[in-house]
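Note that the chains take the letters A, B and C in the order they are written out, and that residue 1 is the start of every chain.
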């Protein structure tokens, strides 16, 4: 589904990514772990098509992102740390606008249903600026999946969430997974990573240092492997 | 086709949000009125000589009120990084430019339809020339100013002090438009015998519009890259 | 820590190599700049006839026109390298565009200072709203705007990209500005200043023309020399930054 070969990214003489090769097959849920400044978010932005790589190849669904970026964008849902929502718009207006942008059919019904799924039906018509961080994040999740993306890119989705929002987020990811969506998730939260994901990638200094499968949601395995990689850092 | 559709969608979004908050438009109109009042101090409205500066005042209003909105239209997309949302959506950068252009152009048109009659009223200006030509010139001039202005606002938006950078970029580039339209406006407002010359100016501004609109559509990809 | 740095030194390669490679070009340029400059000074002050009405003040005209030529030519080079940068995305093109713009600012300032001196003796007024002069003024503002974009904070490739875009837009704008201003002027006061500085007095004496051409040549070579030097300097700066970055990384890891 996602094929990344020899990806590098340079900004201001600084190599952020130095030759990354990843292959993710359809339906996988992959967590990307790593210390701060390792290039995780940059990697996600490149896959989302926001940043152009310095060199290397990114292919999704067999299409090269450089040539068929437009086609690929239609099937990507991207949720960064910022909410990507318009402050003075209500959840419904936000979702309808983005839904239309992605060419979603029967966008109103879909938007209302999504808001209901994230448990904010009572706030359907309130402007987003009055919402708390957790509520905003719920709508942001709904925004990212409004067009039923085949690839879901999440950048630290669990940070700053209340328990309710976290459960909803996990449910959304699991539902999407059952539908066959490929998910890439940058995170610091080992517990969530072990619970939701079936594969973990560790990135350090712009290089891929570990790549393994998780079985039985074992946190121990994740922390142990991560600690082993981090020893080299300090 | 898709380009125009997404551009219209974006423009509708911008105008609707403006309709909800009325922030920019109200500021622009009040600003325009204040400029008129300040000009009435500077040039005595009862003096006949003042008629000569009316074309200049019109364009000073449009330019300064316009620049407020231009900067705003790009900066507003930086809150919550909504510009990223537009960039990751299946939408060409040219569509974003076009959408912003349509929204800005509509807003400046609204400001003009309110501010210019107000100006004529306060300065007791009797139209000696032709209103259709006047409207045509205002339209063509605003088009050029807003098209290059939207583009440069997107460029300046990358800077933290975009509101200071934008005028520095925009005024030198837009100077041909401003020369052309002030000349043409002066002619159609007072001296219809030189209409052919006014039309020649309008043609020049129109060709400027076309050149820079096309260049902007081509180069906007490089400006909006992250 | 200083011990550490000593050890890293041999890791930094290829600095002496690049030095020897292009060493002869600046020397050639410097030599030809000196020769043509001296020749042009000889031609301007000794060979060319003195203008009848203005006297010695007219001599400034040679420097004025030559700097004006370089000012516009430099912007053309900036535009050219801006396009090259956007297509190829290599830093060297951007460096050329930037250095060319910097040199352009200097020559634009020369034009804008010699212009009024000329105007004072030719038309008895310091500033004339004359097409060429105003276009140069606008060019000056465009250069300033270009350099302001370069002063933004952010990574270099973003600044380079935006500056390149502005370089192209600005270059397209310059002829339109000139055309618009000329038209505007002739509409307002026909024929008074319709003819600009370099045709005043109805044509130009052959000796003056020779002096002018030689000084234009001299200024162009001077520009090439400055461009070459500026780019070398800029490249060295970039290299220092890269070495610093390398050291920083080595310390971190």
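Basically, a contact is a pair of C-beta atoms (placed from the backbone, for glycine too) under 8 Å apart; a residue touches a chain by one contact, two chains touch by 3 or more.
Quantities reported herein were computed from a predicted structural model and do not represent experimental measurements.
Asker: Which chains are in contact with both chain B and chain C?
Answerer: Output, common partners of chain B and chain C: A.
Asker: Comparing the two chain pairs, does A-C have more C-beta contacts than A-B, or is it the other way round?
Answerer: A-B
Asker: Relative to chain A, which chain's C-alpha centre is the most remote?
Answerer: Comparing chain centres, C lies farthest from chain A.
Asker: Whose Cα centre is nearest the centre of all Cα atoms in view?
Answerer: B
Asker: Give, as an integer number of Å, the spacing between the C-alpha centres of chain C and chain B.
Answerer: 33
Asker: Taking each chain's centre as the mean position of its Cα atoms, how many Å separate chain A from chain B?
Answerer: 39
Asker: So what's the Cα centroid distance for chain A and chain C, whole Å?
Answerer: Those two chain centres are 48 Å apart.
Asker: Any chance you could list the residues of chain C touching two or more other chains?
Answerer: none
Asker: So which stretches of chain B touch two or more other chains?
Answerer: Each of 225 in chain B touches at least two other chains.
Asker: What does chain A use to touch chain C in their complex?
Answerer: 11-14, 205
Asker: Going by the contact rule set out above, which residues of chain C touch chain B in the complex?
Answerer: Chain C reaches chain B through residues 86, 138, 141-142, 144-145, 148-149, 152-154, 158, 161-162, 164-166, 168-170, 172-173, 176-177, 179-181, 183-184, 187.
Asker: Over in the complex, which chain C residues touch chain A? Could you list them?
Answerer: Of all residues in chain C, those touching chain A are 155-157, 238, 241-242, 245, 253.
Asker: Can you tell me which positions in chain B touch chain A when the two form their complex?
Answerer: 6, 9-10, 13, 16-17, 20-21, 79-82, 84-92, 225-226
Asker: Considering the complex alone, what residue numbers of chain B touch chain C?
Answerer: 148, 151-152, 155, 158-160, 165, 168-169, 171-173, 175-176, 179-180, 183, 197, 201, 204, 208, 211-212, 215, 219, 222-223, 225
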